[in-house]
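These notes are about the structure you will find just below.
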Amino acid sequence: MAHSGINVLLEGDNFIRLLGGLWVTIKIAFTSLAFGLVLGVLLGVLRTFKNRLLRFVLRIYLEFFRVVPTVVLLFLFYYILPRQLNFNLPANELATFVFALWVAAEMSDIVRGALISVPKHQQESGKAIGLSRWQLYRYVLIPQAFSLELPATINLATRVIKTTSILMLISVMDVINIGQQVIEANNHTYPNGVFWVYGIIFLFYFLIDYPLSWWARRLEKKGLERENG
Amino acid sequence: MSWPIIQQSLPMFAKGFELTLWLSFIGILGSIIVGIVVSMVRLFKIPVLHQLASIYVEVSRNTPLLIQLFFLYYAFPVIGIKLGAELSGIIGLIFLGGSYMAEGFSGGFNGVPKSQVESGKAIGLSRFQLARFVIFPQGFSKSVPALAANIIFLIKETSIFTVIAIPELTNTALDLIGMYYRSNEYLFVLVVAYAIILIPLSVILTYLEKRVRYGTFGN
Amino acid sequence: MAEEILKVENMHKYYGKKHVLHDINFSVSEGEVVTLLGPSGSGKSTLIRTLNGLEDYQEGAIFFQGTKINPDEKHWQQLRQKIGMVFQSYDLFPNLKVIDNILLGPTKVQGRNKEEVESEAHQLLAQVGLEEFANAYPRQLSGGQKQRVAIVRALALHPEFMLFDEVTASLDPEMVRGVLEIIENLAKNDNMTMIVVTHEMNFAQQIADRVLFLEDGNILEQTPADQFFTDPQTDRAKEFLDSMDF
C-alpha cells in the first residue's frame, strides 16, 4: 500500500494547490453571478415595459445566449474579442465577462416571469395610491417578485458553478486544470491518482452545489404550501 | 469572413452535425428511460430503491457533466473499465439527463391536484390503479414542457463532449480552428449548426409551455 | 332499531400540536341522514374526510358495520368502494370521458362485467338527466353537470353509505337545486344512508334526520333535525342558525 492512490492528494502541496484552483473557480462563479444578476434584474424589468423594439432586442439577446451552448459562447468571445476588436482580457476576466452576460440573459427571463406573475390587482392598487412607475417597481412589484424568483435564481447559481468546469478549455487555472497538472506530475508514483484527483474534484462540486439545491428546493416547497394555503 | 473556407469545411461539419444528433438522440432516449424508472421508484416509494434514487438524483444534478465524463473516460480505466470516448459520452449524458428527466416526470406527477388523487381513492382505486388511471395520464402531459426543456439542455450539453475528443460539432470547429487558424468562419458555421437544431425545438417548447399554462384540460 | 352502519368513538385529531377534532362520538344507523353543521373552520370537512380515510386521526376508533377499521391505507382502500364520497370540487378525471369516469371504479376496483355496469351507468345518467353526455369529456360540462356525474360515479360502486362534502359550495346558485334534488331523491326514495356537510340550511332541514353541530372541532350537540331547527339546545347553535338567516 506504499503507493495507494489516495496519497496523491496528501503528497507535497497537492491538496493546497487543488484548493487554490477551487478558489479561482468560486471567484469566477460568484463575480459573474454578482454582475450578471444585477444586469439581469435591470433587463428583466425592461422586458416588462411596453416598448416593442426594446422588448424585441432583449428577447433576441436572451434567445442567443440560450440557444448557443456555453462552451461555444466562451470560444466566441475568446477568439472574437482579441482578433476582431483587439480587446485582450486575461482568461479569468474573459470568462467572468462571458458568464456575467449569460447569467444576465437567463436572469432577465426569471425576473420577467416573476414580475408578470405578481397579481394584477397589486399593480392597480399601487397605481391607485398614486405611485409612479418607478415607485411601483421599487416598492410593490420587485419585492413581491423577489420571493417568487428566489428558487430559480439559486438554481441558476448552481448551474453557473457547474458550468465553470468548462473554463479549463480556455486555460483558466481552475480546479480541474490544476487537477490535471497534479495527475500528470504524479503519474509515475501514483498511477491510480487520476481516480482520486477527479474524485475529490467531483466531491468539491457536489459540496458546493448540493446545499444550494437543497435550499432552492426548500423554498419552492414553502412557496407551494403557501399557494395551496 | 471567407465563403470558400466555409464551403470547404461543410463536409466535416456535416459529420459533426450527424454525430451530435446521433449522440443526443441516444442520450435523450436513455435519459427518458432512466427518468421514467427513477420517477416511478419515487412515486411508489419502493423501499431501498427509493433512497438510492434520491442519492443518484442529487449526485447527478449537483456535479458538472465535464467531471462526470473525465471520471468515466480517464478514471474508470484505472479500475479496469475501458469505455472509449463515445460510450463514455453517452453514459455520461444519460447519467446526467436521467435525473433531469426524473425530476421532470416527478414534477408532472406532483402537479396532479391532490383532490384528483383523493377522488381516485374515494372510488377505491389501489396505489397502482391510481397511478395508471389518474396520475400518469394527467402527470405526463404536465411534465411535457420540462421534458422539452431538458431535451434542449441535453443537446447543448453534448458540446462538452469535446473535452474527451469526440468529434461532434464543437470539437469539429475547435479542431478546424486549431489547424487553420480561421476562427470567424468556423465559429459562424458552428453557431448556425446549433441554431438549426435548437431554434425549432425552442419554438416548440414555448408553444408547449403556453398550452400547458392555459390548460388544455378543464376540470 | 335499524342496524348501526358507522360508529365513531373518542376520536381525536391533531395537526402537529393543533388539536382539530376533540373527542368525537356518534353513530349512524341504516337509512339515516345525518348533516354536519357549523361555522367555517369548525372541523366538519376534516371530520367527514376521516370517515373515508383521507385524513388520519391520532386517538379513538371508527367502526364500520360493527367492525373496527384498521386505519392503514390498504384497509381503507378495500373499504372505500363501500363508502361513496363526493367532493366540493367534483374532480372528475379530465382525461376520461364521462362514461369512463363512471366505469373506472366498478370495472377496475370491483372487477365487474363491463357491459352490465355500462347499462347501469347509462340508467344512472338518465336519472340525473345527463344521458346524452356519456361520451363527453368533463371540460364540456357545466359545474352542476360535473357534480351530478360525480354523484353517479360514486353510486355506480353500490356503496353502503355516502359522504357529501359541501357538494354545492362551488356551484352557481341556479345549479344548486338540481344537485340537491338528486341527493334528496337518494335519501327519500332509495333510503340511502348518508352524512352531509352543507351550508344550505333549507336543504339540511328538508333532508336531515339528525344534526351534529360542530364548533372548534367539538360536537356541541346531536339533535333530531325537527328539534334542531326549531329549538336548538345550545346557545351557540341558536346564534349560528340566526346568523344563517334562512
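Just so it is clear, A, B and C label the chains in written order, and each chain counts residues from 1 on its own.
What we mean here is this: a contact is a pair of C-beta atoms (placed from the backbone, for glycine too) under 8 Å apart; a residue touches a chain by one contact, two chains touch by 3 or more.
Owing to the predicted nature of the structure, the values given are computational and were not obtained by experimental measurement.
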Neighbouring chains shared between chain B and chain C, ordered by label: none
Chain nearest the overall Cα centroid: B
Top chain pair, ranked by how many C-beta pairs fall in contact: A-B
Reference chain C; chain at largest CA-centroid distance: A
Intercentroid distance (Cα basis), chain C paired with chain B, Å: 46
Between chain B and chain A, distance of the C-alpha-averaged centres to the nearest whole Å: 20
Centre-of-Cα separation between chain C and chain A, whole angstrom: 52
For the chain A and chain B complex, residues of the former touching the latter: 5, 63, 66-72, 75-76, 79-80, 83-84, 158, 162-166, 168-169, 176, 191-192, 194-195, 198-199, 201-202, 205-206, 209-210, 213, 228
Residues of chain B touching chain C in the complex: 113, 115-116, 118-127, 129, 133-134, 137-138, 217-219
Of all residues in chain C, those that touch chain B in their complex: 52-54, 73, 76-81, 84-85, 87, 89-96, 104-105, 108-110, 137-139, 146, 150, 153-154, 157
Partner chain A, residues of chain B touching it in the complex: 58-59, 61-68, 70-71, 74-75, 78-79, 114, 156-157, 159-160, 162-163, 170, 173-174, 177, 183-184, 187, 190-191, 194-195, 198-199, 202
